[in-house]
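Report on one structure; see the data block that follows.
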Amino acid sequence: MSIQNTILLLTETVEKLSDPQTLKGLFHQHREGYPLPSSTVLEEIVQLSRAILFPGFFGKSQVNIQTIQYQIGVEVEKLSYLLKEQILAGLCFSEDYETKSGMVDLKKQARELASEMISRLPKVRSVLATDVEAAYNGDPAAKSYAEILLCYPVLKALTSYRLAHELFLMGVPLIPRMMTEMAHSETGIDIHPGATIGSHFTIDHGTGVVIGETCVIGNHVKLYQGVTLGAKSFPLDEQGNPIKGIPRHPIIEDDVIVYANATLLGRITIGRGATVGANTWILEDMPPEAKVFKK
Amino acid sequence: MSIQNTILLLTETVEKLSDPQTLKGLFHQHREGYPLPSSTVLEEIVQLSRAILFPGFFGKSQVNIQTIQYQIGVEVEKLSYLLKEQILAGLCFSEDYETKSGMVDLKKQARELASEMISRLPKVRSVLATDVEAAYNGDPAAKSYAEILLCYPVLKALTSYRLAHELFLMGVPLIPRMMTEMAHSETGIDIHPGATIGSHFTIDHGTGVVIGETCVIGNHVKLYQGVTLGAKSFPLDEQGNPIKGIPRHPIIEDDVIVYANATLLGRITIGRGATVGANTWILEDMPPEAKVFKK
Amino acid sequence: MSIQNTILLLTETVEKLSDPQTLKGLFHQHREGYPLPSSTVLEEIVQLSRAILFPGFFGKSQVNIQTIQYQIGVEVEKLSYLLKEQILAGLCFSEDYETKSGMVDLKKQARELASEMISRLPKVRSVLATDVEAAYNGDPAAKSYAEILLCYPVLKALTSYRLAHELFLMGVPLIPRMMTEMAHSETGIDIHPGATIGSHFTIDHGTGVVIGETCVIGNHVKLYQGVTLGAKSFPLDEQGNPIKGIPRHPIIEDDVIVYANATLLGRITIGRGATVGANTWILEDMPPEAKVFKK
Amino acid sequence: MSIQNTILLLTETVEKLSDPQTLKGLFHQHREGYPLPSSTVLEEIVQLSRAILFPGFFGKSQVNIQTIQYQIGVEVEKLSYLLKEQILAGLCFSEDYETKSGMVDLKKQARELASEMISRLPKVRSVLATDVEAAYNGDPAAKSYAEILLCYPVLKALTSYRLAHELFLMGVPLIPRMMTEMAHSETGIDIHPGATIGSHFTIDHGTGVVIGETCVIGNHVKLYQGVTLGAKSFPLDEQGNPIKGIPRHPIIEDDVIVYANATLLGRITIGRGATVGANTWILEDMPPEAKVFKK
Amino acid sequence: MSIQNTILLLTETVEKLSDPQTLKGLFHQHREGYPLPSSTVLEEIVQLSRAILFPGFFGKSQVNIQTIQYQIGVEVEKLSYLLKEQILAGLCFSEDYETKSGMVDLKKQARELASEMISRLPKVRSVLATDVEAAYNGDPAAKSYAEILLCYPVLKALTSYRLAHELFLMGVPLIPRMMTEMAHSETGIDIHPGATIGSHFTIDHGTGVVIGETCVIGNHVKLYQGVTLGAKSFPLDEQGNPIKGIPRHPIIEDDVIVYANATLLGRITIGRGATVGANTWILEDMPPEAKVFKK
Amino acid sequence: MSIQNTILLLTETVEKLSDPQTLKGLFHQHREGYPLPSSTVLEEIVQLSRAILFPGFFGKSQVNIQTIQYQIGVEVEKLSYLLKEQILAGLCFSEDYETKSGMVDLKKQARELASEMISRLPKVRSVLATDVEAAYNGDPAAKSYAEILLCYPVLKALTSYRLAHELFLMGVPLIPRMMTEMAHSETGIDIHPGATIGSHFTIDHGTGVVIGETCVIGNHVKLYQGVTLGAKSFPLDEQGNPIKGIPRHPIIEDDVIVYANATLLGRITIGRGATVGANTWILEDMPPEAKVFKK
């Protein structure tokens, strides 16, 4: 093929790829001056949050308890700015926002949601503190809190989930899902931001864990790698499409342990203190303190 | 240990590590001026491809439907250049290329293969559009196409696979495998570029899915996390080494669903419309519309 | 909410987040001038090690067998420096180091440990060479050693594990675990640095594999994706906390194969040449050459 | 000094430096969401402009005459965006803009000014083409146009000046001065963006050249290093401050040559075809074709 | 030349260049763990200082008067750390430090000097405020304080000089000179850190200005481009080497103006209120209010 | 202006700027796969050369006399590669290379020239050592050799010049000029790579110094800032263009001193040991030991 033909083929391909017909649903035209959802910025948001929540373990600077307020002040201000930007980016994808509110309102809304998120950080830190404790107590291989914070994938996944869950509760579109998917990619733990999870929660190893959108998990629950808390099936609407938003994932009460690769499906309830054995397949309720093992 | 001894030990170790004897099979001497396979460049190739296929969702620039041709033009030209370089790098690893063709031919061949790949991009986009549709229809938690494109690991894995598969079909060595392994690392979904996969394909959650080299998958198939489409065993040659290239993975016909953690092994056929339950272990053919669940 | 109120809320939140009370156990005050454990630096350590062990496959420079000593010399010197820094960072987390040794000793200790690690690199390379061979012989889809080195997650995980294991044996705190967790994130393969693993070891696909702290694995062993070599339960001390350091994971003898998603728990012994089938659940010893498959 | 005292001293200094009293005139509080003038962005603007005006000489990409429209299209669109941002940043420093126009107007004005600037690029290129020609013809050491474009400081200074001059004519505050000062730093040539300069202009070597705000320079003029076209003195207002905006720099007619380190001061006219010798000091008009040399 | 010969030539050259004989005086062996003087770090020190002294004009973050304490706190802490490191690097070059003080003392000394420098920042800001005022009042082309801060080379040169001068007074070796040379490179203004300069000082345009080590300059002095305040000659010692440290540069009293390209040499005194014309050559004292112009 | 019109204007401008007519002489179409002259790469070449010539003063790594061979080996190999690339880029601009030699020859020629340049590095270091000595002895403000190497612009300018001069002698087009212009921008010292300069050469302060293409400078010569060694006039050919390559700049014999802002023009000879005073204007020969001062 001559160089001339190569160029011709290239320009023809560019034309095809720029044809609006071939771009239907795959192209995002966005408003002038409005930010895009950005995994790079979300990564920065996660890094900043880790640095604020666990100073000295994350973040580049060497911190000092006497001057830590400067450091946290700057980080919180930066986080607030980035959150505002990404929340705004998310709001632009909400299908009905244009009818509900004008453009100026959208920016105001983003600022207020970012502020609200910032004000919830102390609460997020205090519940994550219980998760650190649970991970440490639950693993004989753990030598220190530092090891939990710096090495354990569950802490990374939970930090992202607990932040994303607050944004989800505040009604921010798209952004919470992007955040938990980034943690999924990093840790192999897939927690939907819509799930509700109590304190002192931990997951050992973690790869392959799936926690669905409508799960409700109590306090002091422990999962192992490969556990699925999923949906069994879901009703379709008249067009044959799945109906969105129906409770369809398990309820796990306090003090439950679920061992590796167990699969729990549907809106079932696993009673307080129950034990679910490895590689089991659970489709029905289990009473409190029950134990199921594979035969 | 004195500093002097530390330096002595260091220089002795350097000598050992530089000894050609210890480098047998672990060292790649390459030709002057020839590119190396590079995961950094392949990462850039994947990012560029995402930006070309789904403009406005990926890529740094804010795009505009009236001027998108400029953007796509530049990206396609860049992609073409990087592909040519990496294809050439791959060709250098092909054991018998030196006997088959001189050096100049190799560069010419790389340019032509890169051009061919570019010309297949419109087709790749149109089949990925069916995958987006399948992911959206298959998950009640999905709120929009944007969410599928920006969050769902399956789309990332399939974009890389569908590009790599074309390169595999064109006979490019090494590079397609590197591309799908990078997606494996990012998503936990391991699809061999040699597998054949139809339209409207989707995988929910995805972590732990394995799709082997000689799999053949029809249209409208859906898998869940942890599903293995693997080989049961493989014949050895007279030296006791596995014989390469024999069909040894499942054939999955249209409209099949395979639930979480099912393991399907060997050259079996799962008939059209069949359902394979979670945590099952399948070593034999299933007729159309069959359903297997774990007891 | 007015801008004034937004700022007020921000400063109040900063105050709460800087309150030493809320930081208990979550804050790491570190000594002036001492390095922090850094995943960025550890990433660099892993990249450098790959470049030293497999020159021409990893590392940025184009290498030449006649001048490779320069390249390896510079890389080993850099690695030595970075290791010294991260080992020192790790030592600072050892709870009782202050009573055992003064500050100057700590730096001396770090330098000696780094030197010791450097001197073990040739041994690490020679055992990794057997792993490359095992991966190539064990997979009909593998076309060349280059493909193993450049694509196979198992090689990445084992390189990090074999380096981390040496540091673990030398008593370096925290750093070995960070290294294997980084490989876990990249490959989905979770190997504790305390595990003992023989030569010619390989794992196919790999996602979801867990190898616990006290595992002992012989030579010529092969695992598939999703295999767990875990603990069944662990004794608690009088306060109800797990007792650390007790042997609690399987012993796998030479020539064993464990197929996908098998779960092996507790201090059991799988005898030489045994075969463990996919999706099985093993809690007891298996004699040599035994075969267990799921019914 | 104890570490405790060091921290005390640091916090006291921070307090002093944050005191609004000490910040009067030295602090720029800016409007939420509005861009800052940024030398980094202006540097990018200059680099982009060079790539657009002289493709193949500047800019990272390898260009091709058949596909250059893609490249220039993307660069012009990017330039347009960055210009809009920096023009807006500049407008925020205009003292009276708030009374003249509301906030929305300011953004609209910035977009229109950026568009206007873009539309003048072809004209800027054509006059720079004459400067390239003049530099080549004026220096026996110049081997090619490429050498002029890639090496000669005068071309760098003139590219920035000719762009900045257009922005100056359009009334953009601050930004044009920042652009010419950046060129001053790079080349040692200080041209005020307010100066008027004809075609075929060149400066040899260039270091130390100063061309003041109200200079008027004809066509085919050549300067050497160290030449000052400055003001002699300037009238003060009643408060003793210099009155801004009065014509106070030389008029240089067509075909004039000014040799090294000549100093020309005040609103004098150097007639067409005149020659000003090196190290001279000129305070009065020179008739056409006159020659002045140092005795 | 064959590739083999090329490599031979390369290795021979490396040997020659590594020969300690050829490195005498050109090689800096430094102490393990001690920092090097680094123009990159000094650049960062200058950028941080600009951001602290003129917040909102320099520095990346958007600042807010209510929360500026966080920003300045973090910047001052970072600056303190970097200064300590570079001061220590400088001390290592002081020829006689080893006899004067042990290694631990050196680090302590660096920390105290850095603290002292930090505590002088408020004073440096207040004198720079007078320089801004002088630059604004002295140039009819200046439209605002912002223009002075963002564009005028004199402000950049003076900020570096005034910081470096404090370090010079504190006896820090090497570092002050590196800082003023970096400003020299950026602005063409060469001020030795040993010079003494009063308040309300300004330089117009600036390229080519030289201010020698023992200059003493009063308040309200103004220079133009190309002015040299240099030494006429300097006495040699018995070996024929220049005697270091003797006062040998001009004293410029308050309210003096020196026009472009004037050269003032030797320990002369230019009396209060004097005017020195452009391109003059001054070797003798001038009485107060005197005026010298070129004839 | 509507957004629609803005886009229209943008696309029209892109068309004009892409019109080949407007690009004549301003566009560089280059050969596929051939490198471009790149100031970024040349900057890296200069940094590498400084690190090789003065180890421990430049370069990022901390060096050690026992292992310096590794460091220099890697740097020389990298330098060799980058030089080959940039020399090739330069050769592509040589007007007549296509007739003289085919494409393959060009690459071979570039490799040989790069090798030749590498082999001249030891000589370059030894003459630069004399320049360091001259700078130290010539300035009472200089405290150490380190200060000369790290701070003095003359050393930076001479390092670039002495490297560029060797490339110039070897006939490499364009690249030597780019290198000295980069040093000109950094230091204000403009030395043409064609000039011939002996040992023990120094320039104090340096800003504004110009040394023309055909200058010949002996040993132990010292210049001050603002000195021009230029051409007086140059003969034109029949088309009125300057004739290139004629000797037209001064010859400066051994032991000459030229003080600040002196202008020496034309092919004159300044005899051994002569002194040229500040601000003088010299158009004629000066005998040995002569002294000229401004009256």
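What to note about this one:
All chains are identified by letter, namely A, B, C, D, E and F, in their written order; residue positions are counted from 1 within each chain.
The rule we apply is simple: a contact is a pair of C-beta atoms (placed from the backbone, for glycine too) under 8 Å apart; a residue touches a chain by one contact, two chains touch by 3 or more.
Given the structure is predicted, the values throughout are model-derived calculations rather than measurements.
Separation of chain D from chain F in touch steps, taking the shortest path, is 1.
Graph distance from chain A to chain D, where chains that touch are one step apart, equals 1. Fitting chain B to chain F on C-alpha positions gives a rotation angle of 180 degrees, to the nearest 5. With centres defined by CA atoms alone, the chain at the far end from chain C is D.
With centres defined by CA atoms alone, the chain at the far end from chain F is A.
A separation of 50 Å divides the Cα centre of chain C from that of chain E. Between the CA-based centres of chain A and chain C the separation comes to 26 Å, rounded to the whole angstrom. The centroid of the Cα atoms in chain B and the matching centroid in chain E are 57 Å apart.
Within chain F, residues 10-11, 14, 32, 62, 64, 67, 69-70, 72-73, 77, 188, 207-208, 226, 261, 279 each touch two or more of the remaining chains.
Taken chain by chain, the contacts fit none of the simple shapes, being neither an open path, a ring, a star, nor a full set of pairwise contacts. Per the contact rule defined earlier, chains pair up in contact as A-B, A-C, A-D, A-E, B-C, B-D, B-F, C-E, C-F, D-E, D-F, E-F. Across the interface of their complex, chain F is touched by residues 61-62, 64, 67, 69-74, 77-78, 81 of chain C. Only residues 52-57, 62-65, 68-69, 72-73, 76-77, 80, 111-112, 115, 118-119, 121-122, 125-126, 128-129, 132, 137-147, 149-153, 186-188, 205, 207-208, 224-226, 260-261, 278-279, 294 of chain D touch chain F when the two sit together in their complex. Across the complex, chain E meets chain C through its residues 7, 10-11, 14, 33, 64, 66-67, 70, 107. Chain contact summary for the complex, chain C toward chain A: residues 1, 6, 9-18, 20, 22-30, 32, 36-37, 39, 93, 95, 173-174, 177-178, 181, 184-185, 188, 190, 192, 194, 207-208, 210, 212-213, 226, 228, 230-231, 234, 241-246, 248, 261, 263, 265, 279, 281.
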